[in-house]
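As written, the chain order gives the labels A, B, C and D, with residue 1 at the start of each chain.
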Amino acid sequence: MMPDLGKYAGTVLSAYGASIILIVGLVWLSVRAAKKSKKALDKLEQNDG
Amino acid sequence: MRALLRRDLTLAFRSGGGFGLGLAFFLIVAILVPFAVGPENALLSKIAAGILWLGALLACLLSLDRIFALDWEDGTLDLLATAPVPLEMVCAAKALAHWLTTGLPLTLAAPVLGILLSLPPEGYVWLIASLLLGTPALSVIGTFGAALTVGIKRGGLLLSLLVLPLYVPTLIFGAEVARRGAEGLTVTTPLALMSGVSLAVIAVLPFVSALVLRVNLR
Amino acid sequence: MASIWQYANPAKFMRLSDTLLPWVSLAAALCLVGGLIWGFFFTPDDFRQGSTVKIIYLHVPAALMAINIWFMMLVASLAWFIRRQHISALAAKAAAPIGAVMTVIALLTGAIWGEPMWGTWWVWDPRLTSFLILFLFYLGYIALWEAIENPETASDLTAILCLVGSVFAVLSRYAVNFWNQGLHQGASVMRAGAIAGDTEERVSNVFAAPLFMCIAGFGLLFVALILMRTSTEIRKRRAAALMARERMS
Amino acid sequence: MALAVENLSVARGGLPLLAGVHFRVAAGQALILRGPNGSGKTTLLRSIAGLQKPTSGRVECAEDAIAYAAHSDGLKSNLTVSENLAFWADVFGNDDISPALEGFDLKSLSDRPAHALSAGQKRRLGLARLLVTGRPIWVLDEPTVSLDQTFVAMFADVVKSHLAGGGSALIATHIDLGIEAETLDISVFKTDPTADLGAFDEAFL
């Protein structure tokens, strides 16, 4: 199944690996920030009545 | 606005005015380079134009946050904003004062340092020409950066980060003129491009800086 | 007190974003994963570059996004000045980190892709260099947002920086081109950091189809992230306003 | 009518602060603004002086008539007293600084650099700067900070002569200046922070 990447396997895989890590990291940070801000806002809105 | 210019110049020359700051830094950079890259004249003369331009640019960068910071702290900016004088003129005068106290001395000192870095003889006239044309743009762009960060405590580092990319065109064209001049090639295109950039910047940025100051003075 | 929160623009945006987000995220995931798998597993190697051509599926979309996100921020900054609606300023603030990451991906994949051909990791090729400069603009923009406390001043100053920065980015693009004629003149897919536009004419269709899917994937990813991140910014501002109001009364 | 303020509302930090502020200051009159610290005196004065756009309402006065002075008085410590005054005179288009020097009995100090002045002397120089602007309407924010009793009296005399000369003054201060002028407590105009007055953060509230 794994395509024969030939002698450039390291190059291609490192490019894909690095990019995927960066994208996943960005998404994860964005989701975490969204959750944090939602929680903080809900707490404030509760005691705001 | 001569009043502001005259006052800033007297302030700069008075004790602690920081007049020699940029010049001293430029000297240090130029002197340290041979220690860093080795004393061979062949190498030095090849990179001399670029190093001198880089040193002049960094020296300008160094003295930017003094442009508005002092007047911001002691309330002068507030009072100037309510005075019958347009803020655009204030920004232009500040940029001119910065150029006269930093940009111009650097341009005059550059040939002396060129000798230290064994700049080829035909390079001197183009070094001075490019600096004369480029440093005003550095001052005006720097004034814009100073206005952006005037309200920020310890905004010096941020000021450099904001201004650095804005300096790229002037640096590339300016250093290119100096380098080609040193190698005796024709300099017309980079010179034309550089003066285009400088003139556009000097014409437009003071208005933007004034807008930024108004936002900061709110 | 009939707070106008329900009708205010931010609230409408929040509701819109909450409904759209799941669908856009799904579409983004499908396009992105599908496109990458298609490109990675099911396309032949290039006769000259071998398998490194597969990096095109990351490099070109990321490069495209890096430029278009800055353009989106420019439009948002203009909108902020014209309509003075918080969504524009906050959307620009939310977009900047995404653009910065896309620029890093473009730089990284461009350098890695070029390495076999040039024997070094970094080459001062005009396109790669202008992405480096674009990255500096992104950093400056994000840093300015962080440095200013007053949200209204921050919105105004960052919008001005974006406008001025855009002019200088274009200027730098030509200056960099002038400064280094570029290592590969005219080599089609080989040219590192080729912008999809002109790559398309010379890229044979076996590569083009998955490339378009990846570009769509990156685009949808951006839309999903911008919806989520802008809502986050709105919530943060609302929380700050509520707290300020408590302090006041 | 030297200065008229109608239905002015101002915001600070994105939240409405004062609303419906209205008062008039006739030529030759002074108005003292009272109010606890943080009640918006500075924000109000800055809006009237034109440094800050009010969220609504109007300030009516002659063009270029207001001379604004806050706590920080825009003095350069490396310049001498006369250089400081000459600079501000030039900025406002006048050139005779001698009345200002006498008015605040700074004649003897005129060549002394500002850093060598005492706090009181610096404040006197700051106020002398007002005289030099030649503007009819003085808008002053806590002008008598760090002035001891004798100089407060001198400040009051200068204001009196300014009023006698047809000028007017709007002064925010806590202490009694000994000038007969109406006082206005601005906490009357304090607004409920949730009021919808087009303040910056309103869209989020």
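In the analysis below, a contact is a pair of C-beta atoms (placed from the backbone, for glycine too) under 8 Å apart; a residue touches a chain by one contact, two chains touch by 3 or more.
Molecules present, by chain and UniProt name: A = Heme exporter protein D; B = Heme exporter protein B; C = Heme exporter protein C; D = Cytochrome c biogenesis ATP-binding export protein CcmA.
Values in this document were obtained by computation on a predicted structure and should not be read as measured data.
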Centre-most chain, if every chain is reduced to its averaged C-alpha atoms: B
Per Cα centroids, the chain farthest from chain A: D
Rounded Å distance, chain B centre to chain C centre (Cα mean): 32
Chain B and chain D: spacing of chain centres that average the CA atoms, whole Å: 37
For chain A paired with chain D, centre-to-centre distance based on mean C-alpha positions, whole Å: 54
Centroid distance [mean C-alpha coordinates] between chain B and chain A, Å: 41
Sites on chain B at which at least two other chains make contact: 218
Junction residues of chain C, two or more chains touched: 152, 238, 242
Every chain pair meeting the contact rule: A-C, B-C, B-D, C-D
For the chain C and chain A complex, residues of the former touching the latter: 36, 40-41, 45, 49-52, 54-55, 58-59, 62, 97-98, 101, 104-105, 108-109, 112-113, 115-116, 221, 225, 228-229, 231-232, 235-236, 238-239, 242-243, 246
In the complex with chain C, residue positions of chain A that touch it: 1, 3-9, 11-12, 14-16, 18-19, 22-23, 25-27, 30-31, 33-34, 37-38, 40-41, 44-45, 48
Of all residues in chain D, those that touch chain C in their complex: 13-15, 192-194, 196, 200-205
For the chain B and chain C complex, residues of the former touching the latter: 144, 148-149, 151-152, 155, 158, 161-162, 164-166, 168-169, 172-173, 176, 189-190, 193, 197, 205, 208, 211-212, 215-216, 218
Residue ranges of chain B in contact with chain D within the complex: 2-4, 6-7, 10-11, 14-17, 70-71, 73-76, 78-85, 217-218
